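Residue numbering begins at 1 within each chain, and the chains themselves are lettered A, B, C and D in the order written.
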């Protein structure tokens, strides 16, 4: 950690800052420049990251040199983690191809969609039973009934299932039915929920918050890991941008950034990132070319009847075509889709 | 609602869209332009807002003409709502001046800060007992012990108290001690929590999410109101911006926008909006000049020892000076600070 | 165009708006809904796009249904345009692989870099002679001397050359040496410069402005096309984002959006989009997978001595490795690199 | 300047970085921490700011401790600069109240608007003769004819005039008629234009670019100052935001930031910042309360006939009401409007 002092800092203030650093068990190294004095901190700065050093009179800026996350960091764990969802592996060359409708609607529809995506090569089935909806008047999901349908259809078609959990009080219930727990973008900093899923042994799919930096995101991962659950897959699903033409801005550069900073797998969700079916295939291909460990796509056989997010769903045939293209790009970057 | 069709839409598709509108109980009005056909929907469009009309083949765009929120809307309730927190009124010309430290730390510190801010004119006291921290390794708050201290200090100095609730399971507990429940920016779309506080009869302070549009924010308000709790005060606390020089971008234009669209009071929090003490006074003054119904400021008597957010706290003397200036600007815009 | 009126609009106001539409030579179609009245405009709305209809009392919102650009639009020109730079084709399946240093520094260095990138498969050589620098104290480019070096080196290694023009007074000079004129992000809405390059017959490389929507960008293209120069290649180079970890946010979804709306080719510049060499390969691969018509990369053989943007340059060997990977991904999406 | 090295940096790389610093005439101070080695640079770092130190192998990050601008900096010039436009002063307690239509349309209209805004207290008159329009098909301004009308009307009503210059080739012409030269947001980094206006002796009104940080903006100011023209007034006019409900996001915190970093005056333009007349008064009041040195407002007597930006213009009566309110807020913060 480097503490940059004000131009007008006094000797007494310098001594005070240095004393504060020592008091926290670390060693200050004072360097007096022509224009500014700087104090380098020798020792494990993570002990200092919560200390309000920037509030000390005379301090202009505090520059950390270590990442504030530990367990999520590649420094701590240089080899890529492979997360297993049922018998499906994600990471380390294995692609998790997640597909299904936004919401679980009914058994018949789920079976039709599952049959189609399975045939096209999806290996994990998705569907929401508890839906975080912007409007209190929108369909909120089928609840436990939806979980049952999801599990049964997944088993019938040989796919483990992932579904969203939105309330810490539901974690136990959802764990009874799901193979993987999804935390949505709006809950990326719901620390009560992160802590609760961290206490389970289920793999977690953690979507990036709409205004989260990569560091914010990895700090949320740290909440889960620090509870003992190390099976986290990150999911880039678009961040807030200024162009209303797309629902979000798909940040494909997040993929190499996560891979550089963390050992955990990261997949892409071009459905939410763009909100427009005509942009989904290009963004899915871009994600895999950039090194993503999987792709999450919403598929619906009758989007105009969908109870949630119909306008961004791909039709089963469109999904099939996309999977054929993804297979080629995956091979070009040295990965294999089953 | 207006449904704009594609240039290449077929007659059959037009009929299909019109049939869909009728099936949902509304009346389509087809208008064929030189380049585009457009279908106006006659009737209460809120029934259609969840329907995935944009997913129907031939539809280019769906333009709503009504707001998706009802109870929060000024159309539904033209007169400004005055929210009462204890004996303090917020809205309709009354200013809620909320002050206190980020976190409740201990009794002695709380008493010192409360005495100072009360003397300067604060009328509601704040302090966090459950802290939503970015890092799992940071101080997470004193919990119930903190709630007790906050309540006792508020009573001693004659100020009702507001504190944050971060977990739906804590709502009952927090209600036993607090006069007002705060929902933080990171929980603005925590729908489980919104629903739970909506079931209480406590006034709610709902901070704006970092990437929430005004409409997103009012939809979250709607979650609380639709549960029967109509005492909501909104709080602009800065949105995500591109300049790392400030913690957030203080969106002062949100004040007149909320006042135009909603009957509910809206206050400003320049402490979180800027994260830098030297910018807080100017932004507080700007907020009141723009019509805010109150100001939320973090104050600490020893910022360098603060257990949370010390670098953005004002000292009691700085707060006192600011309150003197705020009093003048409030008077200039026709409001009175007690 | 659709004119949505206020809830409280009067009959007189409705008549006034309708009269205004007729006065502009178009036909109004009034549709009275339960809550709102809407006026559809029948005829060529581009005549109305400059008219301040939203300023008429009673008007709530004006929703265009046609794009404000014409010549750039795919509607006007359904087949993809192929732009020729010397003998190199860009678009319609042909990839423009542009490489070279940020600035022209000296003959020897230019030759070394040109030899290396040519060998790796680059087909257009780049280098700045007039540099738009954030600081007036930074190196501003070699001017005409730089143009000469660039042209000579391009000819020696058999590559047409592209260089930036930053001032309308320099357009003629730059045209004497360059095969393609680049307009930088900061000049995307420098309308005097757009008009001037539109009067030449040189192909233009138009970078996207940092805060330009896709529509803003296509409107700038329209400035060039409307002057008679139809050889424009667009270049996505990152937009303003909120994460200071990267220089910009690489908007890969811009590729399919441009292809949907326009007939013109669009390439990617991951060097400026990310500003970090370790992220460039993943973003270049993503761009080609998403359908980009080329890739623009800054390459320098001694980045620590570069006179501009050294920290984001790839080394020649890194560029060579990347080109090998790009060749495979290009083939996977049905394109061929020479 | 502080150079933070990689965790895996070698001794040879450390020596190489230190040698580079010495070679540039400065003195390196090496500090070896437990996890990272850091090199502080002693001496005038502005010599190093253009050097690509971050490109040297082993360097993780370069943190400047001095601002890259000099002449614009408050360090260099602690007292506030007062800029004089004709006999009107801006800065140091004096408010520049600029008003007028977006574009100069004709003599009669200009006289009507000038009479109205003068009566309400405006002291500088504005109007565009060269308009930077997003569309090549929109009205581009009356050119020199417009400049003449603007000057004549300004003289008749006793107000100096400000108008935009968009092309370096027009600077001389505009100087013949205008008392102050405006550079628009889209030209904030048009370095050719900045240099050209820097060579004149006319006061300059420099609007902030839509995606410019405060530092970017002050660097553009530096271009003007470094040419010898020290009469620059900055203008905050809204930055790019994510909410399409407003045209831009009005960044009122820019006012105290500019005042902290620079000695130059800064005014606000709520017309462009919001694009919506109903939000302009609140934002104007906020700007003055935050310490702005003036307010720029677009006024038109018949917005629905305006040739540019009609929908965001205030009517003369609305402007008069706003000026009455501004007078009170100005007094509350210790400033006086004439």
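Operating definition for what follows: contacts are C-beta pairs under 8 Å (C-beta built on N, C-alpha and C of every residue); 3 or more make two chains touch, one makes a residue touch a chain.
Quick caveat, the model's predicted, so the values are computed rather than measured.
Chain A and chain D touch with mostly matching residues; of the residue numbers seen at this interface, over half occur in both copies. The chain pair C-D and the chain pair B-C differ in C-beta contact count, and the higher one is C-D. Ranked by how far their CA centres sit from the centre of chain B, the chains are topped by C.
One simple way to say how far apart two chains are is to compare their mean CA positions; for chain A and chain C this gives 31 Å. Inter-chain centre distance (chain B to chain C, centres taken as mean C-alpha positions): 39 Å.
If you average the CA atoms of chain C and of chain D, the two centres end up 26 Å from each other. Multi-chain contact residues of chain C (touching two or more other chains) are listed as 211, 240-242, 244.
By the touch rule above, chain D contacts chain A in their complex via residues 2, 4, 7, 29, 31-36, 38, 40-45, 60, 63, 65-66, 75, 240-242, 244.
Residue ranges on chain B touching chain D, taken from their complex, read 211, 213-215, 239-246, 249-253, 255-257, 260, 273-274, 278-279, 281-283, 285-291, 325, 328-329, 331-333. Contacts from chain D toward chain C in the complex involve residues 20, 46, 49-50, 52-57, 68-69, 132-139, 166-169, 186-187, 189-192, 195, 209-211, 216, 219, 222-223, 226, 240, 303-307, 309-311, 313.
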